[in-house]
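Here's a structure for you.
Residue numbering begins at 1 within each chain, and the chains themselves are lettered A, B and C in the order written.
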Amino acid sequence: MMKHLKSAIVATFTASAAALVAFPALADAPRVAVALPGMVTDRAFNENIYDGLVAVEEQFGSEIAYTENVSQATQVEVMSDYARRGYDIVVGSGGEYTDAAERVAANFPDTTVIVLNGAPTEGVTTINYNNPEFGYLLGVVAGGVSETGVVAALSAQKFAAFDNVVDGFRQGFQSVQPDGEVLVAFTNDWADVALAKEASFNLISKKADVLMPYLDGAWVGVVQAAQERGVHTVGILHESESNLVSARLDFARALVMAVDLHQKDELEAKDYVIHLTSRDQLGDFSVDVPEEVQTMALDAVEKIKSGELKFGD
Amino acid sequence: MTAAPARLTLEGIVKRFGTFRANDNVSLKIAKGSIHAILGENGAGKSTLMNVIYGLYEQDGGRILSNGKEVRITDPREAMALGIGMVHQHFKQVNTMSVVENVVLGLPGRQILNLDEDRRRIKELADELGSEIDPDQPMWTLPIGTQQRVEILKMLYRDADLLILDEPTSVLTPTEIKAFFVLLEKLRESGRTILLITHKLDEVMDLADRVTVMRLGRVEAELEIANTTPRELARVMVGRDVVFDIQHAPPKVGDPVLELDEITAVDDRGIGALHGLSLTVRGGEILGIVGIDGNGQGELAEAIAGLRSISQGRIAICGQDASGFDPSERKSVLKMGYVPEDRQKVGLDLDSDIAFNMVLRSFRAPPFSKYGWIDFKKIRAHAVDLAERYDIRMQSVSQRVRDLSGGNQQKIILAREIEDNPKLLVVAQPTKGLDVGAIEFVQRTLLAQRDQGTGVLYISSELEELLLVADRLAVIFKGRIIGDMPASEATSEKLGLLMTGRELA
Amino acid sequence: MSSETLTDARTSRLLTVIRVIYMLKTVWAVIVALLIGAIFILLAGGDPIEGYTALFKGAFLDYWGIGDTLVRMSPLLLAGLAVIIPLRAGLFNIGAEGQIYIGALFATIAALYLPGFLPGWIRIILCMMAGALGGGMWAAIPGLLKAYRGTNEIITSLLLSYVAIYLIGAVLHAWLIEPGAPYPYSREIDKSLELPIFMPRTQAHVGIMVAWAAAILVAVMLWRTTLGQAIQVVGHNKHASSYAGLSVKRLTVLSFAMGGAMGGLAGTFEVLGLKYRLFDHFSPGYGMQGIIVAFLAALNPIGAIFAAIFLAGLQVGAGSMQRATGIDTTMVAALQGLVVLCVAVGLAFKFHPDRWRRRIAAWRGNE
């Protein structure tokens, strides 16, 4: 878990991060509750947020609570119940919580409602990574490694965050291989490993030799398929040894930062966007990534940092 | 025979259902090595008594003695342990399994199967009984008579020496019945005891050594067959004299009520069953359809009733083309009553109550339904009236039809079909499985209808019955009518020839 | 003589009591299930009394909890009715889940595209009709296949559920998705189409009352109308139905379609009453839970109201229990299974007055 924390430093929160080290565990620590769409053991999005929650407990002495596998129908129910029980911060994990968060925020004005990876919403704090930047970086690496000129992105459902990742991914890929093709596939299930594996085989048979899963627990299937067929993966919501490189959208870190801002009474009900600003937001390159491709990727990081490359907002 | 020791003795058996006494102080003694019949109308308490002996019910009073020792039988396994085996009217078999598998199925104390050994012993037993059974044949491929033999074998395999047979001939064809009688005599010769439950007088007369006649849950008489007559048995069973000869006046024949013109239809498997069949029934006459089962009788009845579509030909009821009328319209508009062959599967909704079954075919129309709402008050009143007039024995009209005897079930159907004064009445095997009292009731009802001017088409495989009731007889063979004669001119010989397809010169 | 009549009177009174005890067997089954569940909670290191108190308080005794329970009850009840109606005709509708989704899709399309000049309440009614129609048409497919091709309706209705779920995903992706949405969901429906809330500050919408009304209407339909009787005759005996002049085929399709309409309404209310949008994967298996509702209610539409409230309360209370005591919600999934199991076992117990009369006599004898 510490590795996760180490792997990202976020510009927007640099100052707060410094403060964090200076003032650990306050007496009137906020109570924090999280509603999760999946299991905290998925070694991806849900586990990442859970790690953040545990970090909040450790660092602020907060009382924490979470509910796994919250179905769509019960999002408002679960979040409202936490608010009623006096939790100061109630977190919805993922864009699908946006609507529910809006309603809960309206009903419980004293509660801070946060959505991770959500669209800007009235009365709600949303925290997002600038998805295209991270996608771009992975696209560059994929472009440097792909021999077939075909790579693929794989998610469960089509929605804005993923679309943005793919946009960046495509641009990055085509900056290296201008005629290259990016395939996109959806499995309709975030956790179904077998389904993800099946879909990966399908993409591989269409000549894709670098796969980017944007999944919860199901990412394991993509990695398995890639290993069996001798192709590569890059990581975005998950980190794995077998990835060429992982660009971690570290929501654990984001959650810790948000709680810290809340402690200092600085957290606003607005959209926070975390940019790619440091080499540290990337994991290690695997041996399959040639030296010159690594250099190319690091150049891209610099260009994004300096503002030479700009995506969306 | 009387000197033989008793294999099974019942003393004062009482079995109550609620306030109703299904068995009331029943005592009987079954001599070892004999065939003992229990005769009674449907609902006389025969089956209840057998279920008590077999441990399916526990008696509320009385004693059971097996080989002179008092026993308590609370489940069929205990009965088996005492050497008592039962063959139910509906076999308890697994159709997809072979004979040997069915026989050994559920044998106690077997962890490891040795089917070779079983096969050998089954063959031996079958040989002993003079029947040929291939132990490896799957059950469903066997004719029903053979399946019954397997069921008996199953009991013998469990060392049963007292066999209870519940209405064993009701599922058999006439030829199978003959072979079955031979088998029973062989069993008696081998020293086994047989308890035969039946409502058929002739079987009792042909086979049994002694007979116990039951009526309304009580033993009415226990008689030596040698010292009795069918007439006496019938009287004891029904509680009054039964008239075997029905007198009827010559028919006053009116206009045709049913005209079939060259109709063709297929059976459920899509094989041709009716091949250009033509016949006419006139008002005021009973036309009996004679034939060996399976020559298209069932399909004929269904085609007329509108339950089976015809591919060619024309059906006219009371002069009107019947095509385009569904079964219930044929009843309500064309004035046709229909008593189907299978009363439990087709004629009734067993899970509904008596009242509803009385309007099964008319509940959707006024006065029982108005604007889509059903009027249970009217339905009940209607049923109470009918039940009284047709002498349906029941506790109330809200009773489920499933719990009634076959005779009462048939009365419900008859009442329903006759009540709105049909011009045409089609009845298929109306007396199947009924006791003499109920048969008589059915026949009287049909004759009364005829005398009112209704045309009756009477399909039956009971030749005797048809000769008794019908005015005219038509013989069906392979889906066609191949002969037609007034009942007065009909003889068993003539009809027998026609039934086997030999047309008269 | 008089002492004998006295004993008889006492016996019959005692028998009445025993009969009532038998009639309540579902209640006993639930209690047994809870007791067994208590053992599980103990084994998991929890305090069952504390847990159950939190559960029942959270579901039935707390204002918010009651609101949540009712919100959850609505789709469970309607899904239960979706199973009950066809099952009364002897047909297994395992695909209520799909009917819920298609109903929600139809209702959403109606909500988004009905002309705005119509008053809100008219549009709400039209949306409900559209949802019912969608669910009904979807359910009519297995009905038609069963009636005219003899295809096993269990399989077709079940598989069509998956088709429906994926179809919603596809339609969302291709057409209805709100641009820039953080999750695949449609645009929001107009404020005037949101169902009124009848418990302030909860989510308890009037769709809940419509669901109750639907249950009562289904009961009336089954027990008081000609159509209901016809459906039940078909359920009892198909041959007798043909003989009675009923069109078994038509009633097969119709009962399936009516069930599907109930499922469609369930989906409609999830959109109009709860989410105000069509979400991908919005139903957490209400269709399947409808089978449990139908089973607990013994196919009685009025009983289904109580079964649905109970099941909804169990699920809502589970959340409260977990949040209050840390007992895992999976325990409640296990509890739900136990309840079904115990009720099924309970069905095996039938009241035999004779047997009890004899037992009573034996006790008296021993006294």
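Everything that follows uses one rule, which is that a residue touches a chain if its C-beta (ideal position, glycine included) is under 8 Å from a C-beta of that chain, and two chains touch if they have at least 3 such contacts.
This one's a predicted model, so the numbers in the text were calculated from it and none came from an experiment.
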Quiz item: In terms of CA centres, which chain lies closest to the overall middle?
Solution: C
Quiz prompt | Chain separated most widely from chain B, comparing mean CA positions | solution = A
Self-check item: Distance between the centres, which are taken as Cα means, of chain C and chain A, whole angstrom
Solution: 38
Quiz item: chain A to chain B: how many Å between their CA centres?
Solution: 76
Quiz prompt | Whole-Å gap separating chain B and chain C, where each centre is the average of the chain's CA atoms | solution = 43
Quiz prompt | chain C contact footprint on chain B (complex, rising order) | solution = 16-18, 60, 305, 307, 326-329, 331, 338, 340, 342, 345-352, 356, 360-361, 363-364, 369, 372-374
Quiz prompt | Touching residues (chain side chain A, partner chain C) in the complex | solution = 33, 65, 67-69, 71-74, 76-78, 80-82, 84-85, 94-96, 98-99, 107, 115, 117-119, 157-161, 186, 188
Quiz item: In their complex, what parts of chain C are in touch with chain B?
Solution: 224-230, 232-233, 236-237, 239-247, 353-354, 358
Practice problem: Would you mind writing out the residues of chain C in touch with chain A in their complex? | Solution: 64, 68, 71-72, 75, 165-166, 169, 172-173, 177, 180-185, 188, 201, 203, 270, 274-277, 279-284, 286, 316, 319-320, 322-324, 329
